[in-house]
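Here come two complexes built around chain A, the first alongside chain B, the second alongside chain C.
== the complex of A and B ==
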């Protein structure tokens, strides 16, 4: 019972702090908007051409936006040595990990939901029929990004150059997620039948399960060392 | 019963030896005051006993629990009041207490929280964000947290730093209360005058080695 309470309280704490400070999400949204503006002005193309590259642009924006959020996830624990208090929690550190994953997922997913209409507007996309499958793709890819990113955020938090190290370590690890997310998004935006790109959704789901379990076990070691 | 036992504890960072063969036994109901110049290794020793650092060599037990193998059980029984106070700036006092205690599996009532905050005389600021607290108020809030936890072993790093006279007396009163309930207290401090009335034993940590000194020696300037 305490295990689930720890998860709940970690999520609550991160959400309350973010709602009050608005530091993480405002910087994420601002960065993503810049990416959207730059790409939208860089490419002048018709709707069909946009559909070919937009999936990649979307996930470049979402991945780097997510990294900003993930980077702040554990750096906020450095204030007043709060990280020490988390290390001293007399419960499996996996509970802290899952709480952080949920909070990070919520931040990134909400930002994605807020930003996607901007892509639709700036790239003139027609996504009404594909919106539910796109949300599923965003969900699965964001779970994977959060699961691995939370572990690496904890791993790099004590490093002086953590802002540089986090993307360097994280991006190679989430390449399968990014490739699967881009391919599935491209298929959905092209209006392809689900069977043509469902293997990418399966890959995302498998990646989510494997990396969440592995990161869950590794997190204890990371926190204790 | 022995509350804190460490044998031949050493800690080094690269070539720098911070602790060198520390052996110490503290019984329940004892308060051990740890003195030493800056950089002597006082905080390092406290962090090892708080299970935050792994010793390079040696062995320690808290309440008979192995410090390297039974960390979770130790953590459930100790409280470490550190320099950083372990408080979130964007939460208020009540929220900080609720959060910290919930992570330990405790769920104090609002009345208990109010009593603890009133006892450290920051009850009027219970809804204020900790960001706006002074260093002394943060210390008092950390003390309120310890009051609600009631640990069997209390590790205090500079407990009187940032506290005014009234705050110091509240801290000492709390330490006396824990001692009367058979908790063990290990505190690092530079303040002999404030530590002496509550200390049952004392030690001087210099260049990584610990030498036990008599309480009477705290009157003398020779050692300090």
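== the complex of A and C ==
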């Protein structure tokens, strides 16, 4: 199998598992819905207050849902020793990493697309003109989240207390993604001109590139048993 | 293993580091607390700088040692380097916490607040978070080799992340509000510089001394575990023979 075939097979495998079981995405969507409700209870919000904090709420919800999806990504491989099988793939481990990143990215991104209308409805947002730039922000931030998250998912799945350790390791690392995504989303929702927050998009893109490369290299050491 | 021999050789001078640290710290504390004049703006409060700044320098130095050591470990897989990384992370966490604590104590009278989400403070406390998660990660893995490998991966990722975190936090703060607090130009006269240098050198020596002791302790601990395992298996074998 060539490098790109491995990537394709891993993505295909994860998508098929997800299409047949529908476990990960349904739990992610439902969890995020609950997060939306909890947030709207904990800040009793009028229109004005909602505008201030909504970008933060969106990204906290997305990050927590993303963690659920990322955790499942490798814990499903524990059944029937699939992890060992993955480790034995006669191709660079980076191919497995990239395949998993693509699959995780697809799950999280689709869930975000499904959830965003809920935010629009529940918090009365006006997004029609900014929808393309918001999609770009979601895209860039999700790439960053899944690039680091996939590495940590593979790492934590092989240790004790994995459900606790994944968010503990992941969240400090993705602080730049969170800051940039929140600031850019806030700018887009306020209808600011793009030049006012384009530097956050650049930061997201830089983070994505750096962390995909570094995690690609480090993944070798995580899977090497 | 060359690094092994280097560490052993340096460890022979452990006592020098310890006594050097004691000398420098005592001298620095005496000059800083008693001999040097109070600051024009800040008064006596400024004296906490002689503890705070060296602590902060040393903890940054600790993170550099940690990431270099981690890269070295992934390259050469030398267990004693891993012991050193473990030791340096624990010490780094302690020094970072102390630097933050003294910073808060200093901040209360001068900035009139314990804490502010200033860029440097924020990225520095994120560094502490990463160090603590590093130490937590190590406790959750049983296998020594795996523990070392995963910890090194985390440390390297953190090394790459910290500049980006600092950068983004700086942007985040400066875009929103001008930095409310900045140190008014503290003139570095020799009266301040000498005790500060003394304390900085002393703190680095103290750190190195503690690092050597701790590395040795972890190294011996690992040897002991290996020996215990061997003895136990021998014991079980002799039991099953009879």
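One rule holds for everything that comes next: the second predicted complex is superposed on the first by the 216 of 225 C-alpha atoms of A that agree within 3 Å, B and C clash if a C-alpha of one lies under 4 Å from a C-alpha of the other, contacts with A are read in each partner's own complex, and residues count from 1 in each chain.
Methods note: a residue touches a chain if its C-beta (ideal position, glycine included) is under 8 Å from a C-beta of that chain, and two chains touch if they have at least 3 such contacts.
Small disclaimer: the values here were computed from a predicted structure and weren't measured.
Novice: One more residue to check, A:56. First (chain B), second (chain C), both or neither?
Specialist: In the superposed model, A:56 contacts neither chain B nor chain C.
Novice: May I ask you to decide whether A:183 touches chain B, chain C, both, or neither, giving the answer as first, second, both or neither?
Specialist: second
Novice: With both complexes overlaid on chain A, does A:199 touch chain B (first), chain C (second), both or neither?
Specialist: second
Novice: Touch test for A:80: chain B only (first), chain C only (second), both, or neither?
Specialist: first
Novice: Considering only touches as defined above, state whether A:2 meets chain B (first), chain C (second), both or neither.
Specialist: A:2 contacts chain B only, not chain C.
Novice: Would you please give the residues of chain A that touch chain B in one complex and also touch chain C in the other complex?
Specialist: Correct list for chain A: 224-225.
Novice: Along chain A, where are the residues that touch chain B in the complex?
Specialist: 2, 5-6, 9-10, 12-13, 16-17, 20-21, 76, 79-82, 84-92, 224-225
Novice: Residue numbers of chain A touching chain C in their complex, please.
Specialist: That would be residues 148, 151, 155, 158-161, 165, 168-169, 172-173, 175-176, 179-180, 183, 199-200, 203, 206-207, 210-211, 214-215, 218, 221-222, 224-225 of chain A.
Novice: Spell out the part of chain C that touches chain A in their complex, as residue ranges.
Specialist: Interface residues on chain C, with respect to chain A: 74, 126, 129-130, 133, 136-137, 140-142, 146, 149-150, 152-154, 156-158, 160-161, 164-165, 167-169, 171-172, 175.
Novice: Using the touch definition up top, name the residues of chain B that touch chain A in the complex.
Specialist: 47, 50-52, 54, 71-73, 75-76, 78, 80, 82-91, 95, 99-100, 102-105, 129-130, 138
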